[in-house]
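Heads up, there are several structures right after this.
Shared between the two complexes below is subunit A, which has subunit B as its partner in the first and subunit C in the second.
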Partner chain A sequence: MGEVLRHALAIAGKDLRLEFRSRTAFLSALVFTALVLAIFQFARDPTAVSAVDLAPGILWITFCFAGLLGLNRAFALERENRALDGLLLSPASRTALYLGKVLANLVFVGLVEAIALPLFAIFFNVPVLGVLGPLVAVIALATIGFVAVGTLMSSISVSTRFAELMLPVLMLPFLMPPITAAVQMTARIFAGRPFSETIGWLKLLVAYDVAFLVVCILVFEHTIEE
Partner chain B sequence: MAPPARHPVLAVRDLARSFGPVRALRGVDFTLDAGEVLAIFGPNGAGKTTLLRILAGLLRPERGEVLLGGQSAVRSAASQRRRVGLISHATFLYDGLTASENLEFYGRLYGVRDPRARALAALEAVALAERAATFAGTMSRGMLQRLAIARALLHEPDIVLLDEPFTGLDQAAAAALRRQLVRLREERRTVVLVTHNLDEGLELATHTAIQVAGRFVECAPKDGNAADYRRRYAEATAAHG
Partner chain C sequence: MTAIETAELALRRSRALMVAALALLAAVYVRALAFTPVEATQGPAQKIFYVHVPSAWVAFLAFGVVGVCSVLYLIFKEPRLDRIAAASAEVGVVFTTGVLLTGPIWAKPIWGAWWTWDARLSSTLFLWFLYFAYLVLRTAVREQGQRARYSAVLGILGALLVPFIHLSVKMFRTLHPQPVVMNPEGPTLPGSMLATLLFSLAVMTLLYTGLVWHRYAQAERDEARADSAADDAR
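Our next item is the complex of A and B:
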């Protein structure tokens, strides 16, 4: 297990170094986030639906599509000079490779979310500070499921002709449960509802994370080997 | 008590692999011991790269097996993969990392002691020490190939696989590669070299093979007569072409 973790950290460190040296996906995700929030802010009719009612859906649409930009990069950078072959040839296990990619994607998506959340609070005038603890917990849980599935789908879509289009097509159907749970929990948190109302969704989110992390680790080997 | 059975460093038994209707390999067999260099010659599409990718564990054969020191290399364990180094058409390097960062990264994957010091020593060995901080994406083809050699040999594998390593190299880079290969032979590493270039291959090899249409039509210790070998190669490729 120690060796798997050591290899995973080496792979994640390499991916993050490459990403933050070029900042291509990160800056794209941030610009995309600001644009989506601005469009929703100016397109909605504030007299028809209140910001707090719309906010949970908009927050998760923004996180979801901004995160996709980073996930697209996860395996695309391994196509350069067939670097993926170099990884497969090395003693690093396929599990370490998957977990390394998951770790790097978690950092990437987490950073995008950390910058998007204050922007969201400003645009929609939603008081997130008072509910920051439970909100961050929901975001963290949903992000783990999102990244676990997204990393696997990225490894599949990268070998297709239209990888950047294929990733959302492959991934979004699998994201229905965690995104639905996250939106429902976020709505209840913003509405100041008691914690007991979110327990069912919380269980779904935790079960999804555990199940899909295990399934993705088991399936990953078959998606990358010829 | 009988002495333990001695296994060849690399043994290949009846390897076969198809891609759809194309039969890339049809029953390839050979064995190699320490210090032996097998040069495989063959025209385009003969299945040479497929063979090397199976030997490296990057591709699964449909039939047959690869044994490293008597142990199966199909779905090979980490310990088996540590024994192999591959120099391919592609460099497996990251353009956005410097030469030393690329080698340090691979050093960490292979668990080498002090990856930074080993990376610098490996760069020194391929005359790239002064390029340690140069991004791989800005290097010339020759420099990249030398860096790829440093990457493949960083963990001191006892089996080295080379796929057309001289392609695209200038004279200086080709000479540096030749010196590396001679050093590998002197260090008694087992080498499989796939090449179109009969002169380069015959100079370095202890064994030669001619691969045509997925089969070895000849595989034997090198004999001394290059002109005769050239004639046999021409006949073999013409007969199957």
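Our next item is the complex of A and C:
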């Protein structure tokens, strides 16, 4: 187990080093996120709908788009020059490879979210500081589920035709439960509702994370057999 | 008998089964329209129930078969399992389309709107998206072994996703009537209506079997032809 974690950390470290030396994907994901947030402002009627009512939906649609952008990158890099073959020849197990990719994606998507959240609070005048704790917890839980499935799907989609189109088509049905849960919880958190009203959604989200993380680890090896 | 001949025979047999199922489907319509009482509050609009509900059940059966074949494929790596999963997903998407088309036709006169985002409606829609994506994925991978592995992985994850979708839409809200057949206190549906429903369900299942068998036999024949062409080339 320690071995797997060490290898996973090494793979995640390699991916993140690669990313932050060029910063292309990170910066474009960031600008894209800011753009989506700005577009949302003009996609609503400010005299009819207050920003706070739309805020949870805006936040999660934005995160969802940003995440999809980041996920395509994880295995696309490995397919170029067949770098994946090198990884498969290394002593790292398939589970370590999957977990490493998940970790790198979590850091990538998490950083984009960490910068997008204050931007969102400023753009839509939503007071997030008072509810930062629960909000971050919801974002973290939803992102884990999203990245667990997304990492597996991107390992499938990169070796298909029309890879960029394939990932959203495969991913979006899987995003429906975590996004619904996250939006519902975010709305209740912003509205200052008691914790008891979010517990059902919280259970659903945690169950989703555990179930998909476990099954994805089990089936991942079948997506990279050469 | 050569592999091609075996496949041709299966094609003829499955075609006969499909024709029989379609003839019986006509009998379902006759029984539902002429020999089943008209529902008291909904009137003739309720007749679509005998197509709508069995289609939904068969769609679930189809996706269940996809899930089971996907798990078995990853264990045994038997290409025939992959072909059954592919055929079942295709036919399942057709039946789901049927559910999604008959649903709004029923909903408009009874609920007053074509589409309501009711829980079961939403989950059926997402089921359709999911297995449509499964079929799209199959067309996007050329190499057969790779296609089978990828589809099996998606088939397993999809089967895992279905209860989660079901739960989340249910927590969102629901408008559908409570179960009238699989009810803990026994069926609440009157006997003659229940008989028509079960008859329709049996026929739809038969139609499903015929369609899946046929698509499977077609895939087998294509495979056999490709093999014999490769042999001739050698």
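Assume the second predicted complex is superposed on the first by the 226 of 226 C-alpha atoms of A that agree within 3 Å, B and C clash if a C-alpha of one lies under 4 Å from a C-alpha of the other, contacts with A are read in each partner's own complex, and residues count from 1 in each chain.
FYI, a contact is a pair of C-beta atoms (placed from the backbone, for glycine too) under 8 Å apart; a residue touches a chain by one contact, two chains touch by 3 or more.
Not measured: the values here are computed from a predicted model.
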- Query: Putting subunit B and subunit C on the same copy of subunit A, do they fit or clash?
  - Reply: fit
- Using the superposition on chain A described above, determine whether A:L172 touches subunit B (first), subunit C (second), both, or neither. second
- Kindly classify A:R21 by the partners it touches after superposition: subunit B alone (first), subunit C alone (second), both, or neither? first
- Between the C-alpha centres of subunit B and subunit C, what angle is subtended at subunit A's, in steps of 10°? 90
- Task: Give one of first, second, both or neither to describe whether A:E225 is in contact with subunit B, with subunit C, with both, or with none.
- Result: both
- A:E80 contacts which: subunit B (first), subunit C (second), both, neither? first
- After superposition on the shared chain, which partner residues are touched by A:S90: those of subunit B (first), subunit C (second), both, or neither? first
- Item | Shortest span in Å between Cα atoms of subunit B and of subunit C, once chain A is used as the common reference | 6
- Which subunit A residues contact subunit B in one complex and subunit C in the other? 225
- Query: Where on subunit A does subunit C make contact in their complex?
  - Reply: 149, 152, 156, 159-162, 166, 169-170, 172-174, 176-177, 180-181, 184, 200-201, 204, 207-208, 211-212, 215-216, 219, 222-223, 225
- Item | Parts of subunit B lying in touch with subunit A, wherever the complex brings them together | 53, 56-60, 78-79, 81-82, 84, 86, 88, 90-97, 101, 105-106, 108-111, 151
- Can you name the residues of subunit C that touch subunit A in the complex? 74, 126, 129-130, 133, 136-137, 140-142, 146, 149-150, 152-154, 156-158, 160-161, 164-165, 167-169, 171-172
- Message: Considering only the defined contacts, which subunit A positions touch subunit B in the complex?
- Response: 3, 6-7, 10-11, 14, 17-18, 21-22, 77, 80-83, 85-93, 225-226
